[in-house]
Amino acid sequence: MTFLQFLESRRDLVLAQTLEHAIIVLMSVALATVVGVGIGVATYRRRRARAIATAIAAAILTIPSFALLGLMIAPLGLGYLPALVALSLYALLPIIRNTVVGLTGIDPALPEAARGIGMSRLRSLVTVELPLAWPVILTGIRVSTQMTVGIAAIAAYVGGPGLGNQIFSGLANLGGVNSLNKALVGTVGVVVLALAIDGCLALLGALTRPGRRARSAASGRRGPLRPARTPAAVSLTATGAHR
Amino acid sequence: MTDDVMISLENVSKRYRGQKAPAVENVSMTIRRGEIVVLVGPSGCGKTTTMKMINRLIEPSSGRICVDGADVTSLDGTELRRRIGYVIQQGGLFPHMSVATNVGMVPKMLGWSRRRIDERVDELLHLVGLEPGQYRNRLPRQLSGGQQQRVGVARALAADPPVMLMDEPFGATDPLTRDRLQNEFLRLQEKLQKTIVFVTHDFDEAIKMGTRIAVLGERSRIRQFDTPERLLAEPADKTVGQFIGAGAALKQLNLRRVDAVEWNEAELMHRDESPTAVLRRLDESGAWAVLTVDSERRPLRWVGPRDLEPGQTSLDGVGIPVAVVEPRATLQDALDAMLGAGCGASVVVDDDGRYRGVLDIESLMRAIRDMREVERDRDRGMAEAPPRLPRQSDGSRDSASVRTLESR
Amino acid sequence: MTASTLAAGTATPSRWPGLLRRHSAMPLVIAAALLGTYLWVRSSRLDDIEQRSLNATTLLRLLRQHLELTAVTTVVVVVLAVGAGILLTRPALRWLAPGATALANIGQATPAIGLLVLLSIWLGIGFTTALIGLIAYAVLPVLQNTIVGINQVDRSLVQAGKGIGMSPLAVLVRVELPLALPVIMAGIRTALVLAVGVATLAAFINVGGLGELIVTGIKLQRASVLVTGAVLTAALALALDWLGGLISDLLRPRGVA
């Protein structure tokens, strides 16, 4: 059976698994965004607190995914829940770090001006600082998403949903008729899904960039900040976190 | 071509792949031994490119460049650059190496012994006014901008190259520091007599530093190549005139140095003398004030009759503080000092701050009058005088460059 | 010049106090986790299956396999990727760098387990296959950080180096590499952590390593084996990353923030 024939015959299953995969990734990242931005906001003004928060998140990211999944199974059992928790924990660091970087990178005159015209701390945070930090935070979210899509494949082994099931099913009958096709559909599917979600987030970034309307349409084409698979993301576990 | 030509460019062009217009087109010039030639022009005119072709950081597309009689393209680029000093903005110091390692880099590459390098480094640090014991082991980021720049100059001088290229070397420093660095460098150059190519976009700096100035237009075309005096007195065309900008006469204050005009003498009195003695001296001499000095003859304050109250016993804190200038400073510096101190005279001091004489506002006015006359003669002699003020409606590049000059 | 006299400047203060302060927490955390796990396993009664996994001989064998995979991967990756990164930043080959970076980006979206399974189908299961998978996976961050690290070196410093007559090799060795070192080291640390992580998955293709404990623990539903495997793997990853951080701080050139 060729790859395309295989794909045709399993279309519904593969589509369903792709969707499941996307859903668990998006759920984990959404969870991580809420928690991560919250932690970032809570700590960005305090040097010590934000150092501790990023250090812990970095340590979690350093733990091999399979080990972290294993640690989740012990208390939570097999299935969806441990996968969701582990993926969310993984997604935390880039989001916390970029929230802190984004918020501390704002020209200090701006929040001051907001306070000056009578905004409360909270209001200044919500209407001035977070929108300005948003492109950087979104970059963190994109990094997290890319990682999570790949790690979710492993979660299939502990009963998680998604395309990882194809890969493990291929692994289970190595040398079997469809093992190559299964492994291939799982692997390629994950790559395609990662790129597709990243594209959507890039689009979201272009649409939600602060001051977008004030600029010409031409600048929209250039897109937001580069997806930080450049050094920020590459050095994810290594650089800033361990200071 | 005479013997004292150090650098020559013959029909040099630089074309970058994929660009229609050449960055530098057909430039020819000769630079004599021991002179400072300043390449000045608006940003993007190709002056840096032209300079970098001399040490082949950029390869010329066509034409011939000779340094000390040898065609540079016949030499190995790396070897060539070891024999040409190179200074860039902020010194271009390597941040991970100590001051000594930075300065000793070229000698080390030339295979000098450890001891000879150490000695040379100390000698050079002395030369640029940095105490070796204090600065040798510092890292660049532990130095101020001006100090970094001095180390940059020291590094370029390390192997005693006959030729130096300087690319906006003082561009990143504040005006005060820049002024001091310029003066220091000129003093150094008097001793060293290097052949120097100096790139800047600052016309005032060009006038101050240059033995000759090449005003460059687009594609490095030479609009005028002349001494600062002649450039100010006779701009070759309208564009050069605009580039010089307004106030050519005032700018000429930059050309004349304090030691080139007449000084007067002041009535000196030691700080410990009594106010009565001061009054007596003022009476006898008819001077408007006496200059108090310390025991090293370093000037302190001007004390006039009205500064002294009856019954006063000491001269401490009496009178107005003096403005001092060095003989190598320009008349512009002297004028600035006078305006700053709110006093119509500057005291000329030597390197150790000791009294040498007094330059007053009258001498300055006389110098300005002389220059004015030269200018008026020139205006009368020319059929069409260049416009004194830049016309804003003209090409945006030119007016922009004029603006940057004036806003300095 | 007296005004700018900075803190007496001549001797740079020892970097040890700062290093110790920054790097002291992690060893304690790791030791505590290991001790806690050890006491917990000790206190529970182990059945036959558990005893087969949880004995010193087995644990040491798995640890050795894991370390072997990680070490060989890291060495090969450093040589390959730093070398390739240097080549891709030379003027003659610079045009290839964007392609390499794009490839690296796609590579990073590839799931490690998928890569291992595909390689096993192609090359058969075994140590070499696992090694190739690990290398392919860990080479990317080092390559990318080498390129980025060298490219972020201030161009004017490279020009200054050339300008004062340094040969291209001297500019590379004395200016570019030292200044790129922190970024390159960060990439190597990432690669190290990735290698430890992916080596866990080697258990799926029968190459052993600490992942075997986790697989066994899940398959046979033995929490003690599972947790021991997970804690050991996590401790190993954290310890190696800690070591990497320490080394990279020690190698960081003076004068570079």
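Order of writing sets the chain letters: A, B and C. Residues in each chain are counted from 1.
In the analysis below, contacts are C-beta pairs under 8 Å (C-beta built on N, C-alpha and C of every residue); 3 or more make two chains touch, one makes a residue touch a chain.
Given the structure is predicted, the values throughout are model-derived calculations rather than measurements.
Common neighbours of chain B and chain C under the contact rule above are absent.
By number of C-beta pairs in contact, the leading pair of chains is A-C. The chain with its Cα centre farthest from the Cα centre of chain B is A. Remark: the per-chain Cα centre closest to the mean position of all protein Cα atoms belongs to C.
With centres defined as mean CA coordinates, chain C is found 53 Å away from chain B. Here the CA centre of chain A is 21 Å from the CA centre of chain C.
With centres taken as mean Cα positions, chain B sits 56 Å from chain A. Along chain B, no residue makes contact with two or more other chains. Taken residue by residue, chain A touches two or more other chains at no position, since every residue touches fewer. Per the touch definition, chain A reaches chain C in the complex via residues 55, 59, 62-68, 70-71, 73-74, 78, 146, 149-151, 153-154, 157-158, 164, 167-168, 170-171, 174-175, 179-180, 183-184, 186-187, 190-191, 194-195, 229-231, 234-239, 242-243. Of all residues in chain B, only 55, 57, 78-86, 88-90, 92-97, 105-106, 109, 129-131, 133-144, 147, 155-156, 165 touch chain C in the complex they form.
Across the complex, chain B is touched by residues 1, 4-6, 9-12, 156-157, 159-168, 170, 174-175, 178-179, 253-256 of chain C.
Within the complex formed with chain A, the chain C residues making contact are 22, 25-26, 29, 101, 104-106, 108-115, 117-118, 120-121, 125, 140-141, 144-145, 148-149, 152, 182-183, 185-187, 189-190, 193, 196-201, 204-205, 210-211, 214, 217-218, 223, 226-227, 229-231, 233-234, 237-238, 241-242, 244-245, 248.
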